[in-house]
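Each of the next two complexes has chain A plus one more chain, namely chain B in the first and chain C in the second.
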Partner chain A sequence: MKLTLGKIFIEDVQFGKDTKVEGKTLFINKDELLDAVGESEYIDNIDIDITHPGDEVRITPVKDVIEPRVKVDGPGGIFPGMINKVQTVGSGKTHALKNVAVVTAGKIVGFQEGIIDMTGPGAEYSPFSKTHNIVVVANPREDVKQYDHEAAVRQIGFKAANFLGELAKNLTPDEEITYETLPLLQGVEKYPDLPKVGYVYMLQTQGLLHDTYVYGVDAKKIIPTFMYPTEMMDGAIVSGNCVSACDKNPTYVHQNNGIIEDLYEKHGKEINFVGVIVTNENVYLADKERSSDWTAKLTEYFGLDGVIVSQEGFGNPDTDLIMNCKKIEEKNIKTVIVTDEYAGRDGASQSLADADPKADAVVSNGNANEVIVLPPMKKIIGMTDYVDSIAGGFDGSLREDGSIEVEIQAITGATNETGFVKLTAKEY
Partner chain B sequence: MAFRIVTNNPQVQEHFGERHQIHWIEGNYLAVLEFVRDEVHRGYPVLTHPLSGSIKPNETPYKSILLDTEKDQEISSSVIMIEDSIITAKKFIEIRDRTVGLRQDLLQDFQEIDYQLIKSGIESAL
Partner chain C sequence: MVKEIERAGIPVVHICTVVPISLTVGANRIVPAIAIPHPLGNPAFDKDEQKAIRRKIVDKALVALTTEVDGQTVFED
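On to the complex of A and B.
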């Protein structure tokens, strides 16, 4: 499967009379975007705002972050099974509007986290302080259940990103990269001397506000399966996940997975990147056993020499991570696990809720318990009245002057477990 | 798989109380974990992970866990899991217990999340 990703670098986003890309500026007619997003029986009103890197703006609570993309050539559409028909994506040509993101925001439950500061110390922790953000705040009708509200906001975000992505269809990309993964036997034949490496992509799938979808299927109902890495780039995996702001994977991260990009970078040179095994993180222990058995079985069946395993979330997914690692190692396949830590505010406590001696190669993306003070911002998009109750916050988190003292777990993307962050931890 | 639900969440008791066996805990998150630990040591394996969900143990007052109704000879993995979960929960609660004095609307949201998480476990068990 071969995909050419054309990147169009946007330098500014503004509201305008017409929705278009002119030069390096994305103009958005607010009414046209609202029309494209459409109405929902669960949503009372939708507002759209634009914010830029360096603005004194705080967006919170953030639900999802999505990059606008469009299929230019090849089968299917972006977000198959969600807003486009189910068809295998990941081949042909796709255009992406870079430096731009659709951010969905608004309170779904009272303790929901997710802060993006566009400037100041908090901005250093979120990769989404560097994008021009089109923020969609969707307020529910009264008495709407949380799961209906979540589903409605999820769809609104994809529709907004899809509408803006369409603008890129006829543009000439500033940069093109072609990614190719051959069918297994051909790929092995092509690089007989290179170690065969796979990626086990763990998806958070435990229930309301903890879900992920693969081609529209709730991933808690899948058994681990193989995917070409380019399928992710066309939105085959999307987030329905609102908790663990620091270490969940927003849809943007599924589209721009750094582990996949880095493995492609080394593909054909140092390694033979064979493909991706997607798996879940369920509540029920028999599901965890079955899924980790299957990931290990697939790594063996594909004849892998090495595997990178990335986690999403905290706590019980630590058990899935360790089960995957242990069972794959028992097949005599080397593993590296990618995670983050909840090691207490001094960093001295045990980092994960589970452990095994076989997990001897670990990449950490930071300690989510680290405390930070976020200074007041001139403008809030969304609301901060819930901040005392968000993850990593506490009574008195929100001070009178508008500053917030929180653990970095409250910041969207701060310790993302695919490495889509600036933080790391080193052992000396 | 036959199971019983150990819970301190009124919404779980209300929804599943008539159809499934419930053991009600009049206590906090840690009290649920400690009751489950005692049952595991008596030989009953856990069927759902004690730390289900990514909401931290010092944030939500509610916890529901599925336990097997039959004893098993092999409980070592359940023992390790519940003991590690208690260590993790205590670590968070010692940093700051944020479950005291929560607003009513937040309590209801936490009940809903715990209910949805255990519901996904029950759906797998049935």
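On to the complex of A and C.
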């Protein structure tokens, strides 16, 4: 499967009379975007705001972050099974509007999650302080059921991103990269001397606001399966989760997974990147056993020499991570696990809820319990009413002057476990 | 908590969903639970069935509490 990704670098986003890309500026007619997003029986009102890197703006609670993309050539459309019909994506040509993101925000169900500061110390921790953000604030009707509300806001984000992505269809990309993964036997034959490496992509699947979707399927209902890495680039995996926002993968991260991009970078040179195994992190022990059995079985079946395993979230998924690691190692396949830590505010506690001596190669993306003070911002997009009760917040987190003392786990993407961050941890 | 209470000389049964974590932290008597969001019940069932599920787990825990163990033991069905 071969995909050419054309990148169009946007330098500014503004409201305008017409929705279009002119030069390096994305102009948005607010009414057209609202029309494209459409009405929802579960949503009372929707507003759209634009914010830029360096603005004195805080966005919270953040639900999802999405990159606008469009299929230019090849089967299917972006977000198959969610926006476009179910069809295998990941081949042909796709265009992406870079440096911009759709951010969905507003009162989100029960847990109120995710902070993005566009400037100040908090901005250093969120990769989405560097993008021009089109923030869609959706306020629910009062009597809406939690599951309907979550699904409605999730879908609103994809519709907005899809609408903006369409603008890129006839643009000439500033940069093009072609990614190719051959069918297994051909791929192995092509680089017989290079070690065969796979990627086990763990997806958060623990219920309301803790779910992920693969081609429209709630991933808690899948058994681990194989995917071509380019399928992710066309939105085959999307986020439905944002609780403890630091280490959840917004849809943007699934579209731009750094582990996949880096493995492609080394493909054919140092390693033979064979493909991706997607798996889940369910709340029943039997599911955890079954899924980790299957990831190990698939890595063995594909004849892999090494595997990178990335986690999403923390706590009980630490067990899924360790089970994957242990069972794959037992097949005599080397593993590196990619995670983050909840080591207490002083960093002195045990970092993961589970452990095993076989997990002897670990990449950490930082300690989510670290405390930060976020200074007041001139403007809030969304609301700060819930800061005291978000994960990483505590009674008194929100101070009278508008500053927030909070663990970095409240910041969207701060310790992302695909390495989509600046933070890391080293052992001395 | 399991380890600290046992250190004081009182036997403990750990009812938990993720048995491997309980094994890692060093519990001696482990009774598997239903699921992480609802360890002692299952919202998919009606009230009477839920009560039966809870009673079964608690009964099993009481049996575990009064059973001599030699090292870490998981009390399966």
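Basically, the second predicted complex is superposed on the first by the 425 of 428 C-alpha atoms of A that agree within 3 Å, B and C clash if a C-alpha of one lies under 4 Å from a C-alpha of the other, contacts with A are read in each partner's own complex, and residues count from 1 in each chain.
Note that a contact is a pair of C-beta atoms (placed from the backbone, for glycine too) under 8 Å apart; a residue touches a chain by one contact, two chains touch by 3 or more.
Please read all numbers here as calculations on a predicted model, not as lab measurements.
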For this session: Give the label of whichever partner, chain B or chain C, reaches more residues of chain A.
Result: B
For this session: Could you tell me if A:195 is touching chain B, chain C, both of them or neither one (first, second, both, neither)?
Result: neither
For this session: For A:183, select first, second, both or neither according to whether it touches chain B, chain C, the two together, or no partner.
Result: neither
Exercise. Does the superposition put A:121 against chain B (first), chain C (second), both, or neither?
Worked result: neither
For this session: For A:220, select first, second, both or neither according to whether it touches chain B, chain C, the two together, or no partner.
Result: first
Exercise. With the two structures laid over each other on chain A, which partner does A:285 touch: chain B (first), chain C (second), both, or neither?
Worked result: both
Problem set entry | Partner chain in contact with A:322 - chain B first, chain C second, else both or neither | second
For this session: Scan A:353 for contacts with chain B and chain C and give back first, second, both or neither.
Result: both
Problem set entry | chain B versus chain C as contact partner of A:147, first or second or both or neither | first
Exercise. For A:344, is the partner it touches chain B (first), chain C (second), both, or none of the two (neither)?
Worked result: first
Exercise. Shared contact residues on chain A for chain B and chain C?
Worked result: 206-207, 283-285, 288, 316, 319, 353-354
Exercise. Which bits of chain C are touching chain A when the two form their complex?
Worked result: 17-21, 24, 32, 34-37
Problem set entry | Residue ranges of chain A in contact with chain B within the complex | 109-111, 146-147, 204, 206-210, 220, 243-244, 247-248, 282-288, 313-317, 319, 342, 344-345, 349-350, 353-354, 369, 389, 391, 393-395
Seminar exercise, completed: Within their complex, chain A touches chain C through residues 206-207, 283-285, 288, 316, 318-319, 322-323, 353-356
For this session: Quick one: which bits of chain B touch chain A in the complex? Just the residue numbers, please.
Result: 1, 46-57, 59, 66, 81, 84-85, 87-88, 91-92, 95-96, 98, 102-103, 105-106, 109-110, 112-113, 116-121, 124-125
